[in-house]
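Here is the structure we will look at.
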Amino acid sequence: MIAATFALLLSLPLLVWVAAMFDRIGAGRGRVVMAPLQNGAALLLRPNTETEAPDQLNRLLAPGWYLALALVGLSVVPFAPGVVASDIATGLVLWGACEALTVVVVFLHGWSPNSPLPLIGAYRYVAIGLPAMLLSMFVLIGAALPAQSLSVAEVVEAQRDLWNVVRQPLGLPLFMALGLAITLRGPFDFAEGAELAGGASAEESGPALAAWRFARAAMLVAFSAMAATAFLGGYLGPVLPGPAWLLLKTLAVMAAAVAAGRFFARMPPARMLTFLWVVLLPLSFANLALVGVEALP
Amino acid sequence: MSWLSTLAHDAEIAVFAAVGQHGLGLTETLGRQRGVRLVSSPRHARVLLVAGEVESAQARALERLHAQIPPPRGTVWWQAPRLFERGETVIGDDPGEAIRRAAGADDPEQRPDVPPHPWRGMGPHGQGGHGMMGGNPYGRPMAMTADDIRDGLTLDAYSARFGPFLPALPPGLVLDLTMQGDVIVSAAAASPPYPQGPEGDAPTLCAARMLRLMGIGPRAAHARGALMALPKGSGMRRRLAAWLRGETVTESPAPPPNALPGREWAEAVLWLASFPPSRLRAVCPEEAA
Amino acid sequence: MTLATVLIVAAALIGIGLYGALSQQSFVMLMMGLELMLNGAILGVMGFWAFALGGAPEGQLLAIIVMAVMAVEMAVGFALVVAVYRKRQADMTESLTTMRH
Amino acid sequence: MIQIAMPVVLAMLAIAFTTAIQRIARTDATWPRRAPFLGGGLPETHAWQRFHVRYYPMALLFIAFEMEMMFMYPWAVVYVETGVKALAEMGMFLGILSIGILYGWREGVFRWQ
Amino acid sequence: MIDALFLTLSALAIWSGWRVFRVDSMVRASFLLMVSFIAVGLIAVLLAAPYIGIATIFMMAVEMMVMALFMVMFMMNPAGLNPMVMVHQHRFAVVAGIVAFAGLTAAALLSDLPSRPVPESAEVVRALGHELLGPSMLIFETAGVTLLATMIGAVVLSARSGRYGDSDAGSVPPGLTPGGEPAGRKPDDGRGRPHHHGGQ
């Protein structure tokens, strides 16, 4: 358990770096390998920004909470049979709690500078983040059904015969929507979209911005690992050792998330809200019904 | 921290572009410039790039923007006359070298360091306010309630001047907006968008600008999804589709003060971006403010 | 950690919540007080469940019911706040006493 | 106990890390630098206000609907053991709540008010 | 170790619960209440209830988020830029709070509490699931109907446009003095129904 925690803490910065590389490839920019590090270093050397009457404490802590949620979310993912950083019997619920708290953290991030564009970003994000979270709950419960348990390790073990992505084809795409929402990406980036000129992060500079971006990439890593575990069989696979399989699947989901973020257009929030409740939510009901009928003894 | 500086030495230079007259086409070429990255907020930037002429009436706005770039900061005037005595002027088509030099500059602020309203030491806690909503706590008054046009809840109205250099709005357009939440309650155009010449109305550029607001690149637009994402009924889909086919749009918008109220922010921004800059300029009164 | 200590913490939460519910003038702050009292109630229920009920599932069910009550209270409470504010532009408890239409 | 010790430790590490990072830089500010970014324009008032949330009916609908999660997790654990009966009961439960969503849709709560 | 964790979390729960009524910013108040709930949730995990504990965190994060939205929406001076105390019957409330605390504590200390701890091997989530689908099925389905009623009630109450016209038609803001001129806006003079530009 301690070993798993160290492995997690060591691999996270590297995976964050890889996520940044994927982002550069997605944006079609050169110098893929070094530029993320260099730009990050340049940000660290710039000053922070103070606004007119900010909520200092929340402004300071928001990136930290975001990173904390990513870490806690990642810590329920088993790397190999019995190797997991936090071995909790209700890992899926803990992951859900991390999703819910992400909405709170992004709201605080946009609220605390006391500036209009971040404020609008924060409120729009809440409108979309809450129902998006609902989707992920339904699909994760779908993943828990055949496992008969809320433990993430059991969910992996239940996929020994057949991965959930085959058994519940709707699950992964719907979970991907949540992933885009909690990592503030593409069609679900209502907090920091271009129409708000950076939105919730528009007033951040220097190390505060670097910390926020780091946490956001860490959340992408955590989401990808969770998606790989719940739907792609986690550490299961032939020949290679378990952690290697998990890593490969995580990278695959990460690439897919980056690509999806750049492919789908962002709707105005009101339209997106209706779409979520009226199209995606019934789809997740359908997914659950499908899984339920399939899992009947 | 020396290793950090070494690492940062080859970093891309974050540039905030304030687009002036005939500057839209210029800014688009910056994407091909190596070692330079356009950012959407001056807080993220190292260098202020003024692309195209900015009228002296908007020098104040430019100075404010300049002040919002965290120090040290540099300035480059690209095909633009200087409005304050800092930074290098570039006549040619390639500002790359000047930007790199500006990344080592350290311009002083152009605006005096005074709060918007005096507040220090006033009020019962020295916060500048008094009572529940009164005074100027920390230098600014608080928003007050006003009627809403949509759902009848009288909550606070936020009034502010947006532009002329807000990346989401057409460059040069200055809007005095009153908003409740993210819905625009009333709007006035204080200054029309800058003339951009024929290249400003080019279909590819117009489409790219609109797609950027929707978070995707022009390559992804082949999927019809980009059109489906737009709200129905305001012609936005039609105009974007025309641009994607390579046709110019000649439709004229309703004047923004009539068309914007009642629209939510993202919708309003997309609506403005769905018209060619020249048409938008034609319906905004010259020098209303 | 014994049942008595858990119950004392729960009592403290209920006490603070009661103070808040009685002292706050605004309707939404009053609801914060109620929520805090229910928070104490959840803790008390879970304490009893863990130490005195031998893990009977009814204890957990009761905690869930308390949470459901909280959700219902919030949804209806805020809907009322919206309705009252629309009518009277006020969010104070005193203004409810003069409500006539 | 050990179940929550590790998440708590990880959360504290994350907070310490980002706080340390943000302490690298000096934070000094002049008033023009502090002004909110509006593309060169200025606001009249503070941005903090009684923010007119445009989706408040959705938020209310949401907190009521979301309660169903509390029942669904335990249901998922015993689903396979219980079989068709579990499917029927949850189908009924979700069916009842879906009426609420349909009603809300009809009343236009998913639009911007 | 468990005791230390329990004491820390209890202190956190009580301290943040107290701060809720002492901070000026409504956002801070809502999220302090959330912190109090999170601490209670973690204590519940210590009490061998991993599901209820974590689910409390999950539910309360969402509810307090919505709480913050409404707090900011309807409270004057929501960010507490002007520090302000808005209380009435303060002394009475303090006394009532203390009496409640003392009474409940006394009851807890003086009564003879039974002692039947949760067995080590108990599968508490599974037991809860069987309870829901078995003996307490009626409670479960009743909860569904109650939640449906809540949803409909909340939508009806909060919506502006009723079947018989706008619900604020003819509404009058409260007077600045009792029986005085209405404050703020003038009574609605029937400007007609609101525009609905948004949505689809």
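In order of appearance the chains are A, B, C, D and E, and numbering begins at 1 in each one.
Quick note on the criterion: a contact is a pair of C-beta atoms (placed from the backbone, for glycine too) under 8 Å apart; a residue touches a chain by one contact, two chains touch by 3 or more.
The chain lineup, named per UniProt: A = NADH-quinone oxidoreductase subunit H; C = NADH-quinone oxidoreductase subunit K; D = NADH-quinone oxidoreductase subunit; E = NADH-quinone oxidoreductase subunit J.
Worth saying up front: this structure is predicted, and the values here are computed from it rather than measured.
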| remark: Touching both chain A and chain B we find D, E
| When every step has to jump to a touching chain, what is the lowest number of steps that links chain A to chain E? | 1
| field | Most extensive contact between chains (C-beta pair count) | value | C-E
| task | Report the most central chain, judged by the distance from each chain's C-alpha mean to the global C-alpha mean. | result | D
| Compared with chain E, which chain's mean CA position is the farthest off? | B
| query | For chain C, which other chain has the most distant CA centre? | reply | B
| For chain C and chain D, what's the span in angstrom between their mean Cα positions? | 20
| Length of the line joining the C-alpha centres of chain A and chain D, rounded to whole Å | 14
| query | From the C-alpha centre of chain C to that of chain E, how far is it in Å? | reply | 6
| note | Per the C-alpha centroid definition, the whole-Å distance linking chain B and chain C comes out as 46
| So which stretches of chain C touch two or more other chains? | 64, 67-68, 71-72, 74-75, 78-79, 82, 85-86, 89
| task | Provide the list of chain B residues touching at least two other chains, using ranges where the numbers run on. | result | 1, 41, 43, 70, 116, 137-140, 142, 145, 150-155, 158, 160, 166-167, 181-183, 231, 264, 267
| remark: Note: chain A residues in touch with at least two other chains are 44-49, 52-53, 88-90, 93-94, 96, 111, 114, 116, 123, 130, 150, 197, 202-203, 206, 268-271, 274
| message | By the document's touch rule, what are all the touching chain pairs in this structure? | response | A-B, A-D, A-E, B-C, B-D, B-E, C-D, C-E, D-E
| Contact residues on chain B for chain A in the complex? | 1, 4-5, 7-12, 14, 34, 37, 39-41, 43-44, 46, 70-71, 116, 137-140, 158, 160, 166-168, 179, 181-182, 211-217, 220-221, 223, 225-226, 228-231, 264-267, 269-270
| field | chain B-touching residues of chain A, taken from the complex the two chains share | value | 27-28, 30, 34-35, 37-39, 41-42, 44-49, 52-53, 116, 120, 123-124, 186-187, 189, 193-198, 201-206, 209, 261-271
| request: Please name which positions on chain C make contact with chain D in the complex. | output: 64, 67-68, 71-72, 74-75, 78-79, 82
| task | Going by the contact rule at the top, pick out the chain C residues touching chain E in the complex. | result | 1, 3-20, 22-29, 31-33, 35-36, 39, 42-43, 46-47, 49-55, 57-58, 60-61, 63-65, 67-68, 70-72, 74-76, 78-83, 85-91, 95, 98, 101
| said: Considering only the defined contacts, which chain E positions touch chain C in the complex? | reply: 2-3, 6, 10, 13-14, 17-18, 20-21, 26, 29-30, 33, 36-37, 40, 43-44, 46-49, 51-53, 56, 59, 63, 66-67, 70-71, 74-75, 86-90, 92-94, 96-98, 100-101, 104-105, 108-109, 113-119, 122, 124, 127-128, 130-132, 136, 139, 143, 146-147, 150-151, 153-158, 160, 167-168, 170-174, 183-185
